Amino acid sequence: MNLERIKPHFPWLTLLALALLVGIANPSFLVPSSLLSLVADIVPLFIMALGMTFAIYIGGIDLSVQQLANMVTVIATVYLAQFGASVAVICILAGLLFGAVSGYVTNRLYVPSFVSTLAMGFIALSVAKYLSGQRALYMDATLRDANFGWMFGNTAGVPHELVIAVFLLALAWFLQKKTTFGRALKAIGSGEPAAVASGLNVVRVKVLAFAVSGAFAAIAGLMFSVKLSGGDANLANGFLLLAIVAVLVGGTPLTGGVGGVINTAVGTLIVMVIRAAMVYVEISATQQQMIFGVVLIIAIALTIDRSKMQIVK
Amino acid sequence: MYGLRKVEKYFPGVHALRRVDFHVNRGEIVGLVGENGAGKSTLMKVIYGAYQPDAGGIFIDDKEVRFQNPRQAMENGIGMVFQEQSLIPNLTVMENIFLGYERQFVNFGVINWNAFAEAAKKQLAKVKLDIDPATITSELSFAQRQLVDLAKVLTIEDRIEGDLVILLDEPTSVLAREEVELLFGLVRGLTKRASFIFVSHRIDEVLDLSDRIYVMKDGAIVDVVNHDEVNVDSIQHKMVGREIDTEYYREQKQKPYNASEVLLSFDNVSLGTRYKDISFELHPGEVLCLVGTEGSGREAILRTVFGLEAPDSGTVTIKNEQVWHFTAEGGVWRGVGYVPRERKIEGIVGGMNVYENMTLSQMQNFSRAGTLLESNEKAFAREWIERLGIKTPSENKDCGGLSGGNQQKVVLAKWRSGGSDIILLDHPTRGLDIGAKEDVYEMIREMCDAGVGILLVADTLEEAIGLSHTILVIKDGEFQKRFDGTPGSKPSLYDLLHHMI
Amino acid sequence: MTDSTMMLPSVSRLLSRERLVRWAPILVLGLLVLFFPFFEWLMDFLEGKGHAYLFDSRFFSIRNAARIGIAASPGLMVAVGVTFIILMGSIDLSMEGTVSVCAVLFAFVFLAWGATLASWAWLAVPLALVVGAAMGFVNGLVHIWLKIPSFMASLAMGFVGTGLALILTGGDRIRIEDELFRSLLTERIFNFPVMVYVAFFFLLVAWFIQSRTTLGRNFYAVGGGEELAHASGLNVERVRLMGFTLAGVFFAVGALLAVGRIGIAETATGNNFLFISITTVVVGGTALWGGIGGVWNTLVGVLIVNVINNGMIVIGLPAFFQDGVLGILVILAVALSVNRRSTSFVK
Amino acid sequence: MSFIKKFIEQETINRRDLLFASAYGLGAVAATGLMGPGMARAAFSDPTVAWSYRNRTNPYWNEIVSGGEAFVESLGKPKSFLTHLINEGSSEKSLADVKALLSKTSGELALAIDANDAPNARPVVEACAQVGAYVSTLWNKTDDLHPWDFGDNYVSHMTWSDEGPAEQTARILLEAMGGKGGVVHLGGIASNNPAIERLNGLKNALKDYPNVELLDAQPADWDTQKARDVMASFLTRYGSEITGVHCANDTIAYGVLEALRAEGIEGMPVTAYDGNPQAVKHVGNGELLVTVFTNPHWGGGITAALAYYAAIGAFKPSEEPREHREFYGPTIQVLPEDAAKFKAEYIDSVPTYDWTDFWGPSNGQIEYK
């Protein structure tokens, strides 16, 4: 067994090692029911990271996701009474639209995605503030339960959020692995000039990738809004950096073409374990952030596959 | 004075250098010839310190030395003029010349730009280049950059007391004739100070310049000949392992094309400064070769046909339909296939496997409602792997790990299998070994037989002559002359050169 | 040579086009500076209190220029620091942590050693710069030694920095009340407070480093072609390490100005620098893929963003629109300054 | 009229009631014991005590935490007994951390929390109720969420009615302006409840001062640096029209003071809110007109205490009247003349509170509009 062969397995091995470490420090961490509930709680973040994977997979980044989710919490809360469950469609369409515009600005106006998506995020934030009247809004409990109650709860001990997450992961995996779109993404991520010279409509695929990212961010926002039973222009704050971290720790580097949605699932779980470790291992409040950073460096150092990176920028 | 003794070099699965003995005398110009893949570039990398030999040693004046990196080699008087130029485009000429050695112009941490420019001017004078050293490098012509690169290497002269060895890696491949002459003049003039190792696949030039010639094949030195006793045929024979003749380019398989049909026509097409008023017609079964120097506009024409560039004026007609919107997607849809020069960058996607590469341009044929039918893809890839004799363990192998020839076959398979009947070949044999080249030539003939029209930019003039039905000479973006390439009445090298330059 | 006469006019045409693109950020800045007074004038005019367009403009006044200057100074220093990194084609996301640590350590030491610049406490200033350098150095080490792309390495180091600042302060804010130190803000020379001159001085230092030192030129070499630079014998890793260290020093200067501006050092001193500093660098016309741009571009970018932020409030744009308008203007500014000819694709 | 005096008097009265309260508390323990196993998980012998709050970079939260720590010390435990959950302004992290802690402690938890954003309060409370933990909330919750809908587990909610005190500060400000001129308001994060209420307070006061114009109100996100930038821009836009500044909290006021200082503007009346030590100092030396002390130390301690004593069964929340489940916290205005005394009483030495006097200093039941 040589190093090169186990390299691709480093992300989940890291996850396992971390989980075991926390479990040794505090065995109650490994109780299945509590693990399941911990995993269920990170689902909105996971869904956002899942979408972000598409942007990072083609070598870009999507910094608008958090603000899109903010906007969607507001849209969902404001229009739930009016549209019922179909507000979900509006939310996802809004996410798609903003993502597509990000993609267009990036690929047609040649604004680097780092800036274009950040700027689109500002625009989404404005929309959220405007729609919410700059207030925290809450959903009518009966309406929420009638329309979206199915999102939460348990069936046979399995939280519904987890089912949704697995479904979306399967969907994203299918998109990435089994469709022409996913193949085109891989080609663009690994070698954009060759994709162009093969006659792929590279711009369209890239715009679509950002649109997918936006749509997933919208789903994350919707779920979060339903979970919290409300919405405001700051509700999803704190998602962005963690979503990026989840993708990167999973082993999808910013260079593109490597990794994918399964990696992101692992990465999100790593983030979850590190975060839960703070509580389980009883790290003091002021030290948590520093320790999070250090563990993050170690995790990234372990998980990224450097073999496909010629130069490390 | 400088020598390698019994040097061996291994890479995973490859014995790249086999007991190489090699030496250069003071003031000597040594030629190094060999086909691509013969081990020339590995040998050079050992010489200038990028690789360390696995066995054997490097000696300077009979003292054994070991270089950890190119910089150490440089400090021992060994410099390299790269084939892929080593100038950084966003820096000024002078910065490039003294890159890594700026310290001499620094007083108390401050760069003295005047002294810098002065010194750079002196270096440029050595290569007889009269340009402002503060020019941004990307604004120079290709040939100018080549000379700047030489000037850069010649800075070793001022840094090192002792003897110099300068490697020239294919320095002439993109130069016009006069520029080659200028370069040779310079090199001869500099032998008072330095020895040269001149690497090229253009044997005539190597013969012209070198005092002694090493011939490499399969990682070993197969012959060393002195300038006076050279026999071109024997060198070629040793390099290739067999005779180069009409057989080589499959001339006997060249059949007349179908002149009554037109696949592609250009009518007074112009694109900015790249080319101007170009007209031609491509017929089924025809190999039409565009000949010219680097930057003469050949590639731009190819890219226009494919749809990567939109012309400013003129009419492009493909299969009797005028092209209005130039996109690569449209090009593929019209049946145009493009085999780019930069195979590893534009030809194949490294990191994707063989079948993924083959179907990349025609995914619609292997999908239903956007969902890929992978088993179909794989079966299809296996069929073409067999048909073209692609050497790969399986269709799941990463394309980036294949040899150049097999990569090129994958690219060709991609287009042929997709039913493209206008194939654009940009340096299709660049960097391939003999066997792979012959395979490519064979495929070109087969495609012609199948009624495909081929627009070719050849790697060498010999190749252009050997393969083509029609040759168009282009210079500075303008059409010069049309030659007929029917076997028996093919133009000579000289005919073409005369109009190229 | 192949440069025939027919190539010459076209080359100059290309040059002028490139020149236009190069000056685009400054044109955008100019337009903005003219636009906000115009809007101001229009609003007044509609209210029936017309005023002379630029002459009576509240926006277009020295006083407001000074206000923009104060708002921009710390951000400019941080952005200049990260400019060096971006010139190399890398990125640094650790500035929030570094700024916080520098600010907090500076404040602690400053207070401990005499609490006024007139005492030995002035040593806290160079100390802060050293701390910034050390933070940058460690950041660079993590990136280079562990071969982690700078995006990830610096992101994680940012967490570490903020966490370190938090451990140091335990969450407290530290007041710096020394009048001498606060003269950064309160003392004015030719209508501008001292901190603006300090920022300008360090901008000149950065420009000097960029244009007159080997290190500065090597940033461009690494950004223009890392492998080529390496093949030419450049110690690329050393250049990178120096770059991150230098960036840390400028982050520290930004931290000092930020403390000087509000008289408070805290864990939150570094907040909000991350995205805005990189945005300003890009808006100024420095390419994220490296090799193009420089500190003057960054000055223009910082001014553009600060002029927008200030102008939006001055013309009375409703608060909830402000983020969106900033977003749109940023996209426009960057889109205008991109040379589409030389850009094959953007990520 | 000194507000301080009034407050002290009130405290004294409260101390008198204290005896009753503790007696009551003991009685409750006994009662629970009698009820025995009939109540599922009614009481824990030694629940974990946790405080979940936004961050450690704001002095306000540090005060809250110090109260929580003082409370656990009153139980004879070390400060470190208090578990800290910091959400860094992320509702997602807030909820995830709470859930993790619930799992870890198997629900044996007394939680005090500010849910970061109003909508987040509901899932937090629901999660606690589900596993039988006890939770008390502070500041953020939506109006449709009430402790009495969750039996005993949602012990209490405390917030501050900011509209009234903010109106008071505004009146002081408007008086100081001489009842004319222009005022600007710098608010908190626009969707935060206190930010909205504090602006409303100003607007209410303005109704009685027709000659004062509200020139502008912009959010400064509780952030000193942003407040400084916004104030500088205000100065450009309105210049000398501004004769008074109303700030939504102390940290914003600091930024405003610095913006004014940069311009060399002195004597501009500025009001603040929260009563942080630094702000009190500014009030003392006349730079600030007034700030409002909300006694976060007490708030932090009592919120944890409520959750804790409910968790050990010392009292049964569901038997308490509604004004004991949703109530306003205390507010004290700090004016220049009070500043020195206030500083001596509350800042230089932290008063020791009786953490079983749950509702003593509180300020009546929460009213919804």
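Letters A, B, C and D name the chains as they come in the text, with residue numbers starting at 1 for each one.
Methods note: a residue touches a chain if its C-beta (ideal position, glycine included) is under 8 Å from a C-beta of that chain, and two chains touch if they have at least 3 such contacts.
These numbers come from a predicted model, not from an experiment.
Participant: With contacts defined as at the top, give the pair, A-C or B-C, that has more of them.
Facilitator: A-C
Participant: Give, as an integer number of Å, the spacing between the C-alpha centres of subunit C and subunit A.
Facilitator: The separation of the two C-alpha centroids amounts to 29 Å.
Participant: Report, in whole Å, the distance between the mean C-alpha point of subunit A and the mean C-alpha point of subunit B.
Facilitator: Inter-chain centre distance comes to 44 Å.
Participant: Return the distance between the CA-based centres of subunit A and subunit D, expressed in whole Å.
Facilitator: The answer is 34 Å.
Participant: Of all the residues in subunit C, which ones touch at least 2 other chains?
Facilitator: 166, 170-171, 319-320
Participant: Going by the touch rule set out above, which residues of subunit A reach two or more other chains?
Facilitator: Touching at least two other chains: 129, 134, 193, 196, 286, 288-289.
Participant: Can you give me every chain pair that touches, using the contact definition above?
Facilitator: Going through each pair of chains, those in contact are A-B, A-C, A-D, B-C, C-D.
Participant: Could you please specify the touching residues of subunit A with respect to subunit B in the complex?
Facilitator: By the definition above, subunit A touches subunit B via 178-184, 186-187, 190-191, 193-201, 257-258, 308.
Participant: Under the definition above, what is the set of subunit B residues touching subunit C in their complex?
Facilitator: 50, 69-71, 74, 82, 86-91, 95, 99-103, 106, 109-111, 113, 139, 141-144, 152, 176, 179, 272-273, 293, 295, 476
Participant: Which residues, counting only subunit B, touch subunit A once they are in their complex?
Facilitator: Residues of subunit B touching subunit A: 306-308, 327-329, 331-333, 338, 340, 342, 345-352, 356, 359-361, 363-364, 367, 370-372, 374, 414.
Participant: Going by the contact rule at the top, pick out the subunit A residues touching subunit D in the complex.
Facilitator: 26, 28-29, 31, 33-34, 37-38, 41-42, 44-45, 73, 77, 129, 132, 134-138, 140-141, 224-225, 227-239, 242, 272, 275-276, 278-280, 282, 284-286, 288-289
Participant: Can you name the residues of subunit C that touch subunit D in the complex?
Facilitator: Residues of subunit C touching subunit D: 58-59, 61, 63-64, 67, 70-71, 166, 169-173, 175, 182, 185-186, 188, 193, 258, 261-264, 266-269, 271-272, 309-310, 313-316, 319-320.
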